[in-house]
Amino acid sequence: MSTDVAPALAPAELDQAAPRRIMIGSELYSRIVEAYYDEAETLDALRFAEWTEWLAKDVRYTCPQRLTRSLKDQDKSIDRRVMHFDENHGTLSARVRRLRGNSAFAEDPPSRTRRLITNIRITEADEPGAYAVRSYFLLTRSRFENANLALMSGERRDIVRDLGDRFELASREIILDQAVLGMPNLAIFL
Amino acid sequence: MSTDVAPALAPAELDQAAPRRIMIGSELYSRIVEAYYDEAETLDALRFAEWTEWLAKDVRYTCPQRLTRSLKDQDKSIDRRVMHFDENHGTLSARVRRLRGNSAFAEDPPSRTRRLITNIRITEADEPGAYAVRSYFLLTRSRFENANLALMSGERRDIVRDLGDRFELASREIILDQAVLGMPNLAIFL
Amino acid sequence: MSTDVAPALAPAELDQAAPRRIMIGSELYSRIVEAYYDEAETLDALRFAEWTEWLAKDVRYTCPQRLTRSLKDQDKSIDRRVMHFDENHGTLSARVRRLRGNSAFAEDPPSRTRRLITNIRITEADEPGAYAVRSYFLLTRSRFENANLALMSGERRDIVRDLGDRFELASREIILDQAVLGMPNLAIFL
Amino acid sequence: MLTRTTPTLSDGTPIEDLVRPATREVELRVLSDREIYELEMERVFGKTWLLLGHASEIPNAGDFVMRDMGNDSVIVARDRDGSIHVSLNVCPHRGMRVCLADAGNTPVHKCIYHGWAFKPNGEFVGSPVAEEKMHGEILPKSELGLRKARVHIYAGLIFATWNIEGPSFDEFLGDMKWYYDMIFNRTKGGWEVLGPPQRFIVNANWKAAGEQSAADGFHTLTLHRWLDEMFGNGGSELTSTMYGVEVGSEHGHALRCQSLSKKFARAKDFDNGSMSIEERWNILPAPGCTPEMLDEVRANLTPEQMEQLMTNPPQVGGMFPNVLLACIYAPQPDGRILGSMALHTYIPRGPDKLEFVNWVFCESGTSQEDRDVMLKNTIFMLGTSGLVEQDDSDTWPHMTLSARGTQGRKATMKYQAINANPPPKNWRGPGLVYDGFTKDDTQWNWWMYWRELMLSAD
Amino acid sequence: MLTRTTPTLSDGTPIEDLVRPATREVELRVLSDREIYELEMERVFGKTWLLLGHASEIPNAGDFVMRDMGNDSVIVARDRDGSIHVSLNVCPHRGMRVCLADAGNTPVHKCIYHGWAFKPNGEFVGSPVAEEKMHGEILPKSELGLRKARVHIYAGLIFATWNIEGPSFDEFLGDMKWYYDMIFNRTKGGWEVLGPPQRFIVNANWKAAGEQSAADGFHTLTLHRWLDEMFGNGGSELTSTMYGVEVGSEHGHALRCQSLSKKFARAKDFDNGSMSIEERWNILPAPGCTPEMLDEVRANLTPEQMEQLMTNPPQVGGMFPNVLLACIYAPQPDGRILGSMALHTYIPRGPDKLEFVNWVFCESGTSQEDRDVMLKNTIFMLGTSGLVEQDDSDTWPHMTLSARGTQGRKATMKYQAINANPPPKNWRGPGLVYDGFTKDDTQWNWWMYWRELMLSAD
Amino acid sequence: MLTRTTPTLSDGTPIEDLVRPATREVELRVLSDREIYELEMERVFGKTWLLLGHASEIPNAGDFVMRDMGNDSVIVARDRDGSIHVSLNVCPHRGMRVCLADAGNTPVHKCIYHGWAFKPNGEFVGSPVAEEKMHGEILPKSELGLRKARVHIYAGLIFATWNIEGPSFDEFLGDMKWYYDMIFNRTKGGWEVLGPPQRFIVNANWKAAGEQSAADGFHTLTLHRWLDEMFGNGGSELTSTMYGVEVGSEHGHALRCQSLSKKFARAKDFDNGSMSIEERWNILPAPGCTPEMLDEVRANLTPEQMEQLMTNPPQVGGMFPNVLLACIYAPQPDGRILGSMALHTYIPRGPDKLEFVNWVFCESGTSQEDRDVMLKNTIFMLGTSGLVEQDDSDTWPHMTLSARGTQGRKATMKYQAINANPPPKNWRGPGLVYDGFTKDDTQWNWWMYWRELMLSAD
């Protein structure tokens, strides 16, 4: 449908026959939105153990790099070779375990964070009962006496599974907007 | 459900038996969201007198301080002793009265503001017909020729009452994310 | 209903008999929100040709200036004489044509952008089947190795037409919040 | 070769010319110049006594708060013996910040980088794997502690200085102590802090706030004109409050005293000699005090101070270099008059940035109910959202911007309104006393002391 | 001792070496060095005439706009007698910014801090509570006004300078006035501003924009190549527009004139002597003019200027130090050729930041319909979203970044493309005239004048 | 007159006093002072060899990456003949950045401003409209190329320097090459990069990271104590890893070697002479290697190096001035021990900012499956989200803040833990060898070399 220069920036599923859209306002859409707001609250309130409960056992959680590439090379502006995160349930759990120990100094004192979630778009995923959820986020992060909020924006491209009474996160790819991150670490989850 | 380190960062009501959730997508939820968008518009358009109409006569409006505290002392990271705002209907009305006079120089010329409201989560409050509304906000504030937007992010923890044809704000607690604010004053409402 | 100091900051339609509100949660509201999220995705993914498909042939697309004016002169804080954008379908198409050529250096390499859309409020417009859509946006823009996101916030005051299977943008006025913009150009669409 | 000890800036300007006694002018560049700022950090903030907080913020052994002396972070901690210590928050090992929290309690401050540990009094405890002596053998352990500042507790207020051999705190206050005592030292329990201070950044040079604190009464008439609009009765109430007595000092401290008989109808006979202290106190106790406190106040103050307090009490002012104090009457809707008691410090954060720190206080004997009222009153008027001070914090940045301009920095600030009146008859207090309409004398004294310090060798 | 008046930077570099006549090179460090920037604020922006706006922005008594002269804010105000005044926007009392709005109307500018008041012409009116003489008695009221700049109105354009005794505006323009008059001074009503200027920040040294304005034709070929891609017919139209006549001045002003006969098919006979002024004007009036305006243009210009206008009109260029002007033909789909008329100033906001200010104009006699078209055209091409200038504003920051590098700052900008042609035959105008392909001469002149000013004592 | 070549800072401090050999102290101001930073850009980053990347990042002719040498952007490009060139990314025409993308492929780098074009080797190709000679005739084309740095490829690693006549890369490495070869130069294919480097900004002086890289073992015990908490068995495993052998150099390079027999149960007999190289290699190959690689490793290393690799292999360390290297054992849940191989550079971005650049590597002979595991392991521990290094990057900013304080900058960093042990018996390698608990010697060497460079004339 489009001969635009940068198809690669589009989520992969758009290249195929369009999957069924979950309408905004539908009950399913609303339930998923609720799960996202709850996830944001959980992370912002430092309830990390609770957060891991929302991760599927087979979760894959990645954050590719962004490169500044010329317009004609835009398909290479997202680079999935060496990523900022490349995690599974085990490594995410280990990260949380560390945060709950006594010596996770990168986050002690903890950052004060806020994850504003917007632009949620949902389609059916290939797997039955699973949904592809794309959303935008703005993360604000405040540490110590710094009067400037550190910011990070981007898109999450997730697959969530409907477990009936709740959802679980089957995969997340975080597309950041910066080639050089403005924060000294990703000691927080996105 | 969670033995996490920082229960104090969670809104108080979470510590008790979970109150009934107002589903996203429900009519009630949508009506409340509408009230929040209208409130943001009212404030951003400097229609302060109109804003006071949305305040309950017994409104309580507070903004605690945030402190940088170690992880084990996270319950003390929100401090409600000396707050940035500690207001009732009378003091809020007086603030509006001042803004509409001729000499509220802190806001004359006025800031150009934008209150982006996201992550709205609603439960029933204890009082019948009242709802606990938690939302995130990003405030952008522009003054004079300054080309950098001043930013403030945080969470509002409100109680609103359903008056049938409209809602009123019974209480608001604003949880900011900074220990040292980046703005020279809170001559605006949050 | 208000004797506030700054009626001019209110969208024009508020000065007249209030038009019918499209309720949040209604199907129509949800469909329009979907269109806005899709538009944001289209622009952020650099699918500009696709974006022009959403523009009505008679589209008018403007971005007034903001001036720092004293409180009593707030009606002059939005100035529609010399604007930042003053476009129609022809000029917008030409802008897209340029972006898809080989020498649109202002955006080659392209900015990495994110348009967070919030606070969507909709009423019926005068024209049957058309709707007045006001929304807030936060634009983040990242170029080259710059580790600070450039930001722009504001309100879009749009008219969209319901074409049954999709909507088209009949007009857009972008109200920015800065008197002096913090970006070196508007080589992107808002 | 130019060095910091010459009294000349690198562009050839003699420092003494920045403040011009002949015409009572100050070059505006002092509000933006980085070189001047760096000198100030040495010669002003490195030399004077600085307010860091109040003993009631750290009541227990091991309690600490992290505070700032000029552009340096310090730990203010209470030791096991109850004594309060102020230490540079810089690890002697590799310079890591030792304390990372705004407040807390710990018997040992342990640096997270390599684990060097220090007592609340700053003494070095040791480094991990003691047998390996990772702190070496070049310096004895006694020289590996945190660098300690000299501390003085005045009426519960914690002051410190890097000027170890310099003037005592009492010398620093000088004659002004007579007046400060009326505020801080009047009750047995003394002041008590109501919570951690509000903190926020103002994009202004610290002196824009500093010079105002000492004591610019005149700006209230215009910048805070809303007070008249909202609380006045159509006339110009504010203008009448411009009359009073300003008390200053060669050290730049300043206070504004206001005649109770002129300010309050109920006090109209307070200074005609017809009423006893008791009678007057019961009608209108000192701001923040209650009638019950009279006995302890009398026990702490001299009769002359009591008389002053019942006629012309000091209400607002500053302490050089960066303290503002307010101890003002706060009339209530029910006719009672309570007080609003606050202290600010303006922490320099660069030539064009300051951190505004605002503590709110009450007398320790104040009832919980009155505390609540006083606190709300103070928040309403002062600090972050305070209706008075929000105007000030939006003003100082403009002055600083003016001072950045190449032509603007050549302009001057003028202090040419000179009070030529003698002190009021029967004035009981010491110091430099200026009677009548608020003029520029105390602010000028502030600048003259700044100049004196800036001209002193390191 | 180093002072600002020595012609040497603090690292020992002679200022004259920054611009090297022998090889026509300029050290790249001039685009990033703070010391050079500070000197420029004195020696360039403190000395030359600066464009601040247009009289039509403040048509009525009391109207004002707030503008910038270098890094100083000024008030541009119209007095009751219709005269226009430019005053430093710094309160003589304590340095507060007196005017806080971008524009407005007021008979009296009152400082919000302590209430000192000033007339639109800058004169001091008084301070509150007049009987207390809060402005003191050291200086007479006549010395307490806002500092006034010297003003010159040229064809409605408002210029000002701090150089009170320096060259007149006409001396400043010199020979170039003959050409500028053809643009600004040609009609009876003169130019009229279409609204307040667009303003935005570019993270670049002001000279990256300044040197380009005087008059870098060559970059269009590459940086604005999209013009060819979109409007060309597959050939290299742009290359042909590189030929023309550049006119320069020892004062750094520059203009590019283009042969109408080469540019427009309809004008192919314009310079063969076969057509009268009327005939040619009716076919192709000057950009922004209409056929009806001929009589007034003729009344304002000499026959030589008229001939120039009908053969080789100046279209783009600059005025030293920070003005770009465009007065170009804007062909319409309906075959008409209108004009796009704009002026920019590049306000220095630090060594690595400039504010781009873009005014759009029309002749005051232009119909509303044509105004709309011209304005839209201009917005499409120039300023914030302009398709041409958005490329420029993304380029200058890279140059400034290059100049920050320790090796990068040692590189040079080169102006070695030298025009060796004689002026075209029958050239009627004065100035330094360069015929043929656009070369580097006028830009080089710009730098030589910058050097001359930078070497002058304060 | 003060110039950059005098060994004195503008406040009169002799540069040599910043690092004090008598007490092994370094003044903390070196972490914040802008003047020192500017000098470093000349004398350190303008003089030493700098790591820019790896040849495997640009495998094909025309491939390029944009990288940084100190505060200068450079183009690292592969030419048609396969050779790799490093050129200053500053257009010789007007200073525009020529290359604007992080990576790509092009036979010609064309400046977007005026179209000057350059080959991958930096040579000037020409400017548009060749017949107009827009590059002038003052300089020959051979002098209009991009400024070229001197390049050395070491085991695929791309190094460059501006010091064209200075020491060779091998001289720069000196004795340390014996050890580095064991890491970088051991296999036939050598290292291979797994993708573009992670990049992020840390608000810290580059030396806070630099001095740690050379080689601060001790901080692991406290700052990375979580390793013990999570992976330890309740005892103090970490403390035992503090013992080993540190190898340093007068050029500031440093490596930490750890005894395999002490670290791994399976290797407990590795250094008692009872096992052959093959036996040991099969049990525990060098980190990142597989058993199959033994033959090629043997072919590349001397028997002494092989023995070192099987007893005390270097695992972490740095290369002066701004490189950290890790080539460590990564035990897997299945009992296998793979490797984690990474290089960082800390790019100076101002006195209080650095860019952390993190490349992850494997041996080119590593299987895809092992690559995946090694990469995930490394991301988990190092770089942006690495559980070890996230602590470091939150620490360095505090040191930099401390160094900004007026009192804080007078503090010192101390390197007083001195290793007095002789080298281990039978130690095979050259260099300065420190046996036992990790002490401060190699870091001190780092500072001494920094001092030597800072004292050298330009």
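Going in written order, the chains are labelled A, B, C, D, E and F, and every chain counts its residues from 1.
Just so it is clear, a contact is a pair of C-beta atoms (placed from the backbone, for glycine too) under 8 Å apart; a residue touches a chain by one contact, two chains touch by 3 or more.
Worth saying up front: this structure is predicted, and the values here are computed from it rather than measured.
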Next on the checklist: So which of A-F, B-E or C-F matches C-E, with over half of the contact pairs the same residue numbers?
Outcome noted: A-F
Checklist outcome for this item: Two candidates, C-E and A-D; the one with more touching C-beta pairs is C-E
Item to check | Whole-Å gap between the CA centroids of chain A and chain C | outcome: 26
Checklist entry - Quick one: chain C and chain D, Cα centre-to-centre, how many Å? => result 49
Checklist outcome for this item: Chain centres from averaged Cα atoms put chain B and chain D apart, in whole Å, by 32
Checklist entry - So which stretches of chain D touch two or more other chains? => result 2, 10, 100-102, 112, 199-201, 223, 355, 391, 395
Next on the checklist: At least two partner chains per residue is the criterion; list those residues in chain C.
Outcome noted: 25, 68-70, 104-105, 107, 109, 116, 118, 138, 143-145, 147, 151, 179-182
Next on the checklist: Dump the list of chain pairs that touch, please.
Outcome noted: A-B, A-C, A-D, A-F, B-C, B-D, B-E, C-E, C-F, D-E, D-F, E-F
Checklist entry - Contact residues on chain B for chain A in the complex? => result 1-7, 9-10, 21, 23-26, 66, 68-71, 74, 77, 116, 118-121, 134, 136, 138, 151-155, 177-182
Checklist entry - chain E touches which residues of chain B in the complex? => result 105, 109, 144-145, 147
Item to check | Residues of chain F that touch chain C when the two form their complex | outcome: 100-102, 112, 199-201, 355
Item to check | Interfacial residue positions of chain F with respect to chain A in the complex | outcome: 100-104, 194-204, 223-226, 229-230, 355-356, 358-360, 375-376, 379-380, 383-387, 389-391, 393-397
Next on the checklist: For a test of understanding, state which residues of chain A touch chain F in their complex under the given definition.
Outcome noted: 63, 65, 67-70, 73, 76, 79, 81-87, 91, 94-95, 97-98, 101-107, 143, 179-187
